[in-house]
Amino acid sequence: MGNKQEMQELIAKRAAKELTGPCVVNLGIGIPTLVAKFIEDDHVYLHTENGLLGVIDVEEDDIDPNLVNAGKLPVGEAVGAAYFNSAESFAMIRGKHVDAAILGVLQVDQTGSIANWAVPGKNIMGVGGAMDLLVGAKKVIVTTTHTSKDGKSKILKECTYPITSTRSVDMIITELAVFEVVDKTLKLVERMPGVTIEEVREKTEADFTE
Amino acid sequence: MTKMKKNIEDALSCVEDHHIVMVGGFGLIGAPLTLIDGLTKKDVKGLTIISNNLGEAGKGLGILLTQNKIKKAVGSYFTSNREVGDYYQRGEIELQLLPQGTLAESIRAGGAGLGGYYTTTGVGTQLAEGKEEREINGIKYIFEPAIRANVAIIRAWKADTLGNLVYYKTARNFNPLMATAADVVIAEVDEMVEPGELDAESIVTPHLYVDYIVQAKQILTKEGVVTNGQ
Amino acid sequence: MGNKQEMQELIAKRAAKELTGPCVVNLGIGIPTLVAKFIEDDHVYLHTENGLLGVIDVEEDDIDPNLVNAGKLPVGEAVGAAYFNSAESFAMIRGKHVDAAILGVLQVDQTGSIANWAVPGKNIMGVGGAMDLLVGAKKVIVTTTHTSKDGKSKILKECTYPITSTRSVDMIITELAVFEVVDKTLKLVERMPGVTIEEVREKTEADFTE
Amino acid sequence: MTKMKKNIEDALSCVEDHHIVMVGGFGLIGAPLTLIDGLTKKDVKGLTIISNNLGEAGKGLGILLTQNKIKKAVGSYFTSNREVGDYYQRGEIELQLLPQGTLAESIRAGGAGLGGYYTTTGVGTQLAEGKEEREINGIKYIFEPAIRANVAIIRAWKADTLGNLVYYKTARNFNPLMATAADVVIAEVDEMVEPGELDAESIVTPHLYVDYIVQAKQILTKEGVVTNGQ
């Protein structure tokens, strides 16, 4: 696998393929944010939980400091966009009006549970919209590097960090493979080009079917 | 009649020691920077701050933190100010972490005269510990109580002299909610207009929610926070 | 006492005196609606629970069928008015953002409890915003004729119809007198011009102090 | 892509026997008169209608009543249609009466993914009978469950082809709430515009809530309900 950016773009590009419109999608911070630039369907509408439906990229010259996404990064306003307050925004999420969320994780396990908001032993300081998106988005897609910096699998038998929700995610996309979560078990549905089944097995702690 | 206050200090005279104060904004975006600056200059202690973040290190509410004016903070994402962790470690601040949607909804409930509500968010997680769980129509929920404050300081874009408010893009966020949920509501605004200049169909915060209006002097720009005039 | 209209206007006029701005007031159906035309303070803003803050009278020629008050009567839009949905409107009411409500009643009793939504033995078919206004308005003023058509006191020892709320109203204004409710007891604070204390006593079933 | 449906019958094909249907409007004001007319022409039975009123005698939802298509009605003020009482007396309709604010709030809760909430409205009255009472911070509340529907039919003023909606004056009322709380949402509108023509800050119902849009043909005028050309 090439450098970090290439790896992230590979994952983001694959995730973008899951998005066929018309649909409303919320993108998390990190790799999920990269997904935006690979979306080909004009009828994918991006929702950001700080209060905008209709997020698009913004050119450097057009940056408005009061127009940002949930990662506080500058964004643009699509034609047909709408603004709303935080309660309305999360009403959309919890009320299952958002079709898909693409999220990063610290860990994901073989039941599809994820941990992406707290690390044991560190101060528990931030949760943001993670838990709301997990209970509310109709489909949750995890995008993550397959292993952590020290080479350990991020796809575990069981999350050791505090979970974000009792709800299982629907799909896990890494630089090596794509898993679907069916009845709280992982199913390997795709390997990235050039990746062998052995490599996936070696780097995945979780049990999965093929 | 106008709700305009010329003097920030005067407008903030309602904030007392040990008050609960709601502060609008998502980080610095839509935060009432001028009023926060006013609080940094006011002799007040033991505040409970309800705000999504505690500003950034040395910015916005981050200054109030280092002035030791904050006893407790209720929010969803303190991670944006690394200094909060240090204060917490030293036992110098109490923190209550809520999912962002729960924070927003609880404030709305406080403003709407509700006692609390049942949400799916957080069920089965560490943040549900100690909270009542209840099954309704086969779905598990947890109880979340409504939240209110003594004072809310918020930021809007335009106000008319009656106190009707509209907001600017994603600077809206928590501001209209907090405008409903405090005994006294002070809005800082970029622009004052006459009644009738705001479209009646597009007013986001009707004037009955707003007690005082002040002119915003601290503005968030691409280059950071800039102080206008005075 | 003169004809019905004069009597209603007398009551409405007296109620209007209670309204000094700045304040937000919700007017019920019947006599309360008449109060509007006697308000002298420009800073009294009228709220109607179907979604408008800033109700004013409308001329016949300017009637808009989609601009009405809670009684579905045509109204006008004041300068500085705002529209909102029904949930927001009742959030204002329940959340104690409305300073006063002026309401009609079927009965009111000596504890200040009122009954204004249902009659025993008849179908219970409508409540509208009555219960919300009772729990939410900071001050509730009742405007009513002192007696019903058959001459019976409407100010009773105890309501016999289903009550609207356990909350006591603050003031009762009739064509004969004004009562304040203090600690769940009635206090006669004013008699209308030409009305004797004997007449008030005779036509009031409730106990009251003077 | 457009959510516009040319044919009312087609748009209403999602309404099935025994469905729960929310219907916007405060009386005839803001009611989806064209879609209601469509329901009067559709062979459907056993509906539960959630709407503030059941129209007026022989008007709006009042016609569905006399067609015996309504099994149950949930609302706050049935008094506006005197025929409802007759049907109720004969046991031909089930009624659930809610305070108007509770009706609105329960619909909002349904759309916002909440299970229910605690309100002060109705505490200690006949309408609280059988409802859970709970004291929170010394104040008595009753529990009210969230409400949802299979289909919501609503009326708006303008829609863009994406489905963003704005409303007209007091015809707004329950419509934006119902737009959030049903599996399928159909809006009838006076005017269709292109995306971008509605101000992003003033859109009341963002398009993610709306499934289909139809052109309003029945219009409320000073002279009553008027039908516009095909």
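A, B, C and D are the chain letters, set down in written order, and residue numbers restart from 1 in every chain.
In this section, a contact is a pair of C-beta atoms (placed from the backbone, for glycine too) under 8 Å apart; a residue touches a chain by one contact, two chains touch by 3 or more.
For clarity, every value in this text was computed on a predicted model and none was experimentally measured.
Common neighbours of subunit A and subunit D (chains touching each): B. Taking B-C and A-B together, the chain pair joined by more C-beta contacts is A-B. With centres defined as mean CA coordinates, subunit C is found 36 Å away from subunit B.
Centre-to-centre separation of subunit A and subunit B, using mean CA positions: 28 Å.
If each chain is reduced to the centroid of its CA atoms, subunit B and subunit D end up 33 Å from each other. Taking each chain's centre as the average of its CA atoms, subunit A and subunit C sit 55 Å apart.
Among the residues of subunit B, those in touch with two or more other chains are 105, 108, 112-114, 119-120, 167-169, 201. Each of the following residues of subunit C touches two or more other chains: 77, 83-84, 87, 90-91, 93-94, 135-136. Pairs of chains meeting the touch criterion are A-B, A-D, B-C, B-D, C-D. By the touch rule above, subunit C contacts subunit D in their complex via residues 48-52, 63-68, 72, 77, 83-87, 89-91, 93-94, 118, 123-132, 135-136, 162-166.
Within the complex, the subunit B residues that touch subunit A are 26-27, 29-30, 52, 76-80, 84-85, 88-89, 95, 97-105, 107-108, 119-127, 167-177, 204, 220-222.
Subunit B makes touch with subunit D in their complex at residues 105, 109, 112-120, 134, 136-137, 139, 141, 145-146, 166-169, 199, 201-202. Of all the residues in subunit C, the ones that touch subunit B in their complex are 21-22, 24, 43, 45, 47, 53-54, 77, 79-84, 87, 90-98, 135-136. By the touch rule above, subunit D contacts subunit A in their complex via residues 1, 108, 110-114, 160, 162, 164, 180-181, 195-196, 198, 200-201, 203, 206-209.
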